[in-house]
Amino acid sequence: MDIKDILERLSRGELEASQAELLIKKKPFTDLGYATIDDQRWIRNGVSEVIYAEGKSTEQIAGIIDRMKENGQNNILITRLSEEKALAVRDRKADKIKDFQYFADGRTAVIGDFAPADGIGKITVVTAGTSDIPVAKEAVITAKFLGNEVMEIYDVGVSGLHRLLARADDLMSSKVVITIAGMEGALASVIGGLVSCPVIAVPTSIGYGASFNGLAALLSMLNSCANGISVVNIDNGYGAAYQASLINHIR
Amino acid sequence: MDIKDILERLSRGELEASQAELLIKKKPFTDLGYATIDDQRWIRNGVSEVIYAEGKSTEQIAGIIDRMKENGQNNILITRLSEEKALAVRDRKADKIKDFQYFADGRTAVIGDFAPADGIGKITVVTAGTSDIPVAKEAVITAKFLGNEVMEIYDVGVSGLHRLLARADDLMSSKVVITIAGMEGALASVIGGLVSCPVIAVPTSIGYGASFNGLAALLSMLNSCANGISVVNIDNGYGAAYQASLINHIR
Amino acid sequence: MDIKDILERLSRGELEASQAELLIKKKPFTDLGYATIDDQRWIRNGVSEVIYAEGKSTEQIAGIIDRMKENGQNNILITRLSEEKALAVRDRKADKIKDFQYFADGRTAVIGDFAPADGIGKITVVTAGTSDIPVAKEAVITAKFLGNEVMEIYDVGVSGLHRLLARADDLMSSKVVITIAGMEGALASVIGGLVSCPVIAVPTSIGYGASFNGLAALLSMLNSCANGISVVNIDNGYGAAYQASLINHIR
Amino acid sequence: MDIKDILERLSRGELEASQAELLIKKKPFTDLGYATIDDQRWIRNGVSEVIYAEGKSTEQIAGIIDRMKENGQNNILITRLSEEKALAVRDRKADKIKDFQYFADGRTAVIGDFAPADGIGKITVVTAGTSDIPVAKEAVITAKFLGNEVMEIYDVGVSGLHRLLARADDLMSSKVVITIAGMEGALASVIGGLVSCPVIAVPTSIGYGASFNGLAALLSMLNSCANGISVVNIDNGYGAAYQASLINHIR
Amino acid sequence: MDIKDILERLSRGELEASQAELLIKKKPFTDLGYATIDDQRWIRNGVSEVIYAEGKSTEQIAGIIDRMKENGQNNILITRLSEEKALAVRDRKADKIKDFQYFADGRTAVIGDFAPADGIGKITVVTAGTSDIPVAKEAVITAKFLGNEVMEIYDVGVSGLHRLLARADDLMSSKVVITIAGMEGALASVIGGLVSCPVIAVPTSIGYGASFNGLAALLSMLNSCANGISVVNIDNGYGAAYQASLINHIR
Amino acid sequence: MDIKDILERLSRGELEASQAELLIKKKPFTDLGYATIDDQRWIRNGVSEVIYAEGKSTEQIAGIIDRMKENGQNNILITRLSEEKALAVRDRKADKIKDFQYFADGRTAVIGDFAPADGIGKITVVTAGTSDIPVAKEAVITAKFLGNEVMEIYDVGVSGLHRLLARADDLMSSKVVITIAGMEGALASVIGGLVSCPVIAVPTSIGYGASFNGLAALLSMLNSCANGISVVNIDNGYGAAYQASLINHIR
Amino acid sequence: MDIKDILERLSRGELEASQAELLIKKKPFTDLGYATIDDQRWIRNGVSEVIYAEGKSTEQIAGIIDRMKENGQNNILITRLSEEKALAVRDRKADKIKDFQYFADGRTAVIGDFAPADGIGKITVVTAGTSDIPVAKEAVITAKFLGNEVMEIYDVGVSGLHRLLARADDLMSSKVVITIAGMEGALASVIGGLVSCPVIAVPTSIGYGASFNGLAALLSMLNSCANGISVVNIDNGYGAAYQASLINHIR
Amino acid sequence: MDIKDILERLSRGELEASQAELLIKKKPFTDLGYATIDDQRWIRNGVSEVIYAEGKSTEQIAGIIDRMKENGQNNILITRLSEEKALAVRDRKADKIKDFQYFADGRTAVIGDFAPADGIGKITVVTAGTSDIPVAKEAVITAKFLGNEVMEIYDVGVSGLHRLLARADDLMSSKVVITIAGMEGALASVIGGLVSCPVIAVPTSIGYGASFNGLAALLSMLNSCANGISVVNIDNGYGAAYQASLINHIR
């Protein structure tokens, strides 16, 4: 927050007290009634606000996109977007959004460009099974959108260790590893023991019975005996990639 | 209960014992077979019985409305009413109910008039996200029906504090704040620290994975480190507004 | 927050920008290293910071008391204070604290005076059983400390309804009712149906087996079919009384 | 088991050892491949086997009915039977089943006759709300099928105590009370305090949010502070009625 | 409640209205401050109030005993009474209580006499293991106190079926069976299939690991595939015996 | 792993170090992008990789089958395969898969031949109810595919013990018993007490209310008081059969 | 059960019917009042009854030992025996028990001899950490008592895979592997992928926080993606060893 | 792993195949019987193995220290070490360990030197309350041991936002923030919204009632609406610091 700048302008008489107060409080967001858009997040956090589409109507999503574009934000990431809504948004905004890309396997859309890959190194996204790939794709698209080189390694669960060990070099040369697994989530611990970079573990809701929709994998990952592992919410590929990107862009 | 009045009339010989017994026991409700309508709730609690539509058939809802109208209750609130049922009830009662209003976003209907806003001050309804708005709308309509001025502030979750702080004056000038949030429910604690009026927290089922359908927000709110907060059931906008109205009408 | 005053003084040249910034940010609390005392809470919220003693050492509690006294706060409430720690704090501060009162049944201490009872009416604290009394006492002392008239009604659980109904007049003449119950927590719903004032329900950890340390009562209260009820954390007599006092002092 | 009779016939030479073994082991049931029908339950337990239709195909249900009829059991109770399956079974067996009655509100069917009401007294089925009636109906039909007089009292939840108290005489004159409630399930405790007969409590899955599909009511009922209450599974109207019938026929 | 009598006396002028009101409301209990004793429970429910000692101080227990004795109740049951408290109560009341018996294995005390066994038949208390005996003893003493013949069968868990089958005659000749089991609680289902009388199942907290302090046995019993079973709280031997006694004394 | 062979060839100069490294790491699996097929599992574990179809698209399943066939694996087991997908796979591969068999009741398909039954003895699959049969069928087909003689005994739950005892000889002559039960899962303990061979218990999600989708049966089986029992995931007929086959083929 | 023998003797007139009935029902156990000892378990299950000491008094344990010895059972295993009780039992029985061995690290005692190791091969007991060793020791002593060769491998958790892989030969040459792990329990899956013999997984209560006393490891193991794994109760080293011994002695 | 080096030496004939196999498998750890020490972790992961003291005896801890020292590892971190064990270890090793430092508030010991602070920037450790400080101290000591500059900010929970905002500059200039909070854990979300670096959230077991030993805070943090947050196990200060150090040393 540039509160100091505002205060200095105030002390130089360039602003009145009431104006300064207004600036401090009112400036950085837009109230659409149904949504309060954080127009300055890119200043504070380095990344524009991302649209989480779940529970929002097509109208609301389109309205937010409009406001973002008006605010000069041309590259927009939309997560948890169903195919049906994606088509509706695209149609409605056809004149304005010429660059709308939808990735059905990750239920994610990108408007505008992916940022150039300017991180320290690569982020590796690993899944235990084939069924975990949709969560992985959300992570992959997010990481690329945020300007990272991404490597994908799928279906290397611990019941066939050699599949995983064969990729040891790829894993060891990563700057961050995102480990995605459902069922018992053991992959996080095994990878945590192999690499010396941070591991972000994503439990998935893949499984049945006593997996309790991802609870088993979540608890497993939280209790990992390996070092360097932290965990995000079940199926939260986006969140893992966001943090991985922060790490990969650390200065 | 006016038991004393009945007893005094009994002692003056204006009533027989068996009649008095009947009055004490039988008077205040109507048994429709499938529903026992509390005809005197407005005497005891100051508010007429509200119809909770979930799990009731169109016939049952219509029957209860009829009975309430016969009993002289012209202003009726119906909550958890699906659009489909709302249409069916409206059609069926078309001749009788000229003043049926349905609010789809809050799944709530009002027959008759909203009470005049005669509370001490205003009730402010705040949500953390856009997806929490349906629960907020149930609260807003309920609070208005019960005679309260209502202010609505939406999508000011704690991840962008300035959005919330910009509304600090609105919050601080409220008599009661209803805080509605899913996911981690942190909004309740932050608002609790800002205001000096009672805060009623409503966890919502918005979220996924480890939100466990609102459990995370519920536990978060129950454990708030801020003072002056109490909690109602997940998604219970109605209940929060009802208590807020009681507080706002305290004498 | 008197931010506007500070800004006006800044614009009149009475303050430099850096000083104003300092005032805005640094003024309202004291950092003791282990605790950051909110010196202006009484300005913002109308009530001084309360010391929650659980997990704090005798030294820490004594240090916080010292700081509060230096800051001009002479009336202090300490909750969750074991008898052992109470004695240690009293001995250590014997020269300074001449007015330390410890209430063993509510594990609560008060330094200085209880505020005069200047609320709208009385707060009634009701328990379902004898075993719930310690939680009730925490509520009673808190409510009195905050300036409320308090009525206590104990052991009137719903398995003997006449015990409760006999107190109906007391309940109905209350401005707020705090309902405290363990086991199945049914008392909250029954009282909620009897009174027309707000009811704050406190589940207690009393019970065994499937009470799961208060979970049964908590869920029961959250799902109450009666109107006007909200809930606080298990055993949180303090929190219930704090909100009740806010309601009873509403203006 | 008439094992002694078989053994005596064996010792009198009326049976060979291998035959006796067969009789002891093989006689009392029929193996249909997909179901092992307990042909002698009516001898051991006084009641014929009841068909629990959930998870059984129309073919399986029809096959079991056939076998029961062949075995001389003409009065058959079928629970958890969807309307769709009921129609299919009725059509398929149209020639054989002339006396098939389906009760949609309790999802229960009866083939043949209800037993005459020969219990000690009446069983009273009480619900807290209108939405609990389907579970109540399962109980009512079961109790009648098993030969009991049944009284039904619906929608008398504890938030309007006078509705319940007005039925106190009906409750007090019952031999067994089946109390059915969702949400917080407080009705069981209140009734338990009013009556001096056994109370069987049935939690229902009615509610939302922190009712967790009946868990709140279940825990509430298990922790009841009233005496004389026991509990069956969530929504298990059948099980409550079965035990109530046993009690009402005790000799 | 003899409300009708009171009303009739009122209509005959034998009582004034205010007196009648007092009688109706105030008569049936004594308020000791910390406990509200239900002096008329024996009239309403046929059994005097029982003292649940957990969470009550020695002073409170002694005070309640005094009041009960003054009220003419000479036979008193005290449950959940630790040996230490039992000794303290006995010493304190030595002059008054000449007939105090403490049963350490069931943590239960009886003052005065056990009622004569005047039930319909016998109540059988069965445990799966030796470790379940303390819960069984609470049930046995309660049942005898309430006037029942009791048979005890211990350590006949389902892993050695012949132990159980050997007692089949004893079980089948019971009027009520109380089945007490920890671990997996399977005993209830097996006994439920053997007998044709009501079975009351008591899960115990015996076990370790995934027994989760009795949760496994509780869920198992609630889901029993056998008919005629209802369940009480974990370790609640008293509650099972109370209901069993009601059943055994049904008229 | 034939690592030693590779190393020996390396030391004899038949391989270069980089080649050896490649062989060790890369050889035993195929990376299809979406799946990493373990081509050597049959060498290491004695059984080819099985296709778990849940969460895989028709294309993915077909691709994996192709690769397995190319790798010389002609007998393939596919589990958790919906009828819809089964038809799609069969159609798509019509030219290649001449020997595709789909078993709808167990949602399982087999390509090629069942292995000859060459185990030590027979595996017996027992269910408590008719509704548990689909899980049983998954186990039966798996066990047969892996080369075992299988006996099926259905609907012999513990509420009718004689049904079970009549099959005692069949059970006692088994080498492994797979016990499948929902609801309270008591069957495992009773069978565990009858037989002297290993029992593998499979809880099923059959039931309602407090069965919590198989949790009750799972906990029950884990806490079994009988010896020789271990447990697999809820509804995991495949897993039980796999381990049973290992036991039945032990050498 | 040798019921056929008894029946044949009956049919030959060597027994009367009442005697036969007695034999069938009464013979195979001893009722000590507090315990019903299964005297014929060794006939039925091949292993004598084992004493589970938890929740049994010293007197009860000693009484059971006496009875077993009288019954000719000289080799006795006692599990969950605290050191204190072990000393008390040893002292009390000093004259009779000359061969009492107590293993403090596994809280297990053996009276008499370990059976000769006559299994098919060896059972390997593996732990993830040092803290899991007490559970492992219970398994080791049980397996040896039951006549098995046992190999112990400790502290080879998956965070350091090479520690585990170095023991691959030992694991692969086992007939059964017992895998014991707390925290996230991933060891079971990794071992399951390495070996082709049955794996019995034992979750332990080792860990803190979200391990929830072993729940995390339990769920992890139940959801293992590897084949051939089954699970026993948390900390149940005895149960795992018992089943492992059955497998290792299969004929 | 230097497997390639070994292979190259093998191909040059400097090693035999069997020796190479041994080296690959056996070299990198020491088996002490009760512990398998990973002697090469510092090569693979950059950090030596850390001793987790919980559940290890004094003898075991001392033995592991000895082995590490012999292996040339002079700087050792020991976590979860009680004061009692710390003293015992120090006494026992007095001759060898001249540089043993014990930090009671974090239950952590360091042998040897803290690494020089050579990270990219500083790690900031923030707590919501005073009671969370012990977990914070574990994180602080770990981070310093691993060579990081650490800033500590305590007791700045969200109920007094200005306390937190006053430290905004400190937070914004951090490279990683470790956020430690019990109760409702809202601090993580608020900080996540303020900073643009990775936030690692540590839920603590501080709280009571519905905090369920940290579950509320854990779920809250997993569901955070802010970006850039990941979570470790309840009370796992060590794990958070370890990952933070990896991030702060990324290259």
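Order of writing sets the chain letters: A, B, C, D, E, F, G and H. Residues in each chain are counted from 1.
Throughout what follows, a contact is a pair of C-beta atoms (placed from the backbone, for glycine too) under 8 Å apart; a residue touches a chain by one contact, two chains touch by 3 or more.
Being a predicted model, the structure only gives us computed values, none of them experimental.
Listing every chain that touches chain C and chain F alike gives A, D, E, H.
For chain pairs F-H and C-H, the one joined by more C-beta pairs in contact is C-H. For chain F, the chain with the farthest CA centroid is C. The greatest centre-to-centre gap from chain H, using C-alpha centroids, is found for D. Between the Cα centres of chain D and chain F there is a gap of 37 Å. Centre-to-centre spacing of chain B and chain E amounts to 41 Å, using the average Cα coordinate of each chain. With touch defined as above, residues shared between interfaces to two or more other chains in chain D number as follows: 1, 129, 160, 168, 193-194, 209-211, 215, 218, 222-223, 227, 233-234.
Contact between chains, using the touch rule, shows up for A-B, A-C, A-F, A-G, A-H, B-C, B-D, B-E, B-H, C-D, C-E, C-H, D-E, D-F, D-G, E-F, E-G, F-G, F-H, G-H. Across the interface of their complex, chain C is touched by residues 1, 25-26, 28-29, 33-36, 38, 40-41, 54-56, 60, 203, 205, 213-215, 218, 233-236 of chain E.
Chain G contributes residues 128-129, 157-161, 183-186, 188-190, 192-194, 207, 209-212, 215-217, 219-227 to its touches with chain A in the complex. Residues of chain C touching chain E in their complex: 129-131, 133, 154-156, 160, 162-163, 165-166, 168, 206, 208-211.
The touching residues of chain B, counted against chain C in their complex, run 1, 44-47, 50, 120, 168, 175, 193-198, 200, 218, 222-223, 227-234, 239-240, 242-243, 246-248, 250-251.
Every residue of chain C that touches chain A in the complex is listed here, in rising order: 3-4, 7-8, 10-11, 13, 15-17, 20-21.
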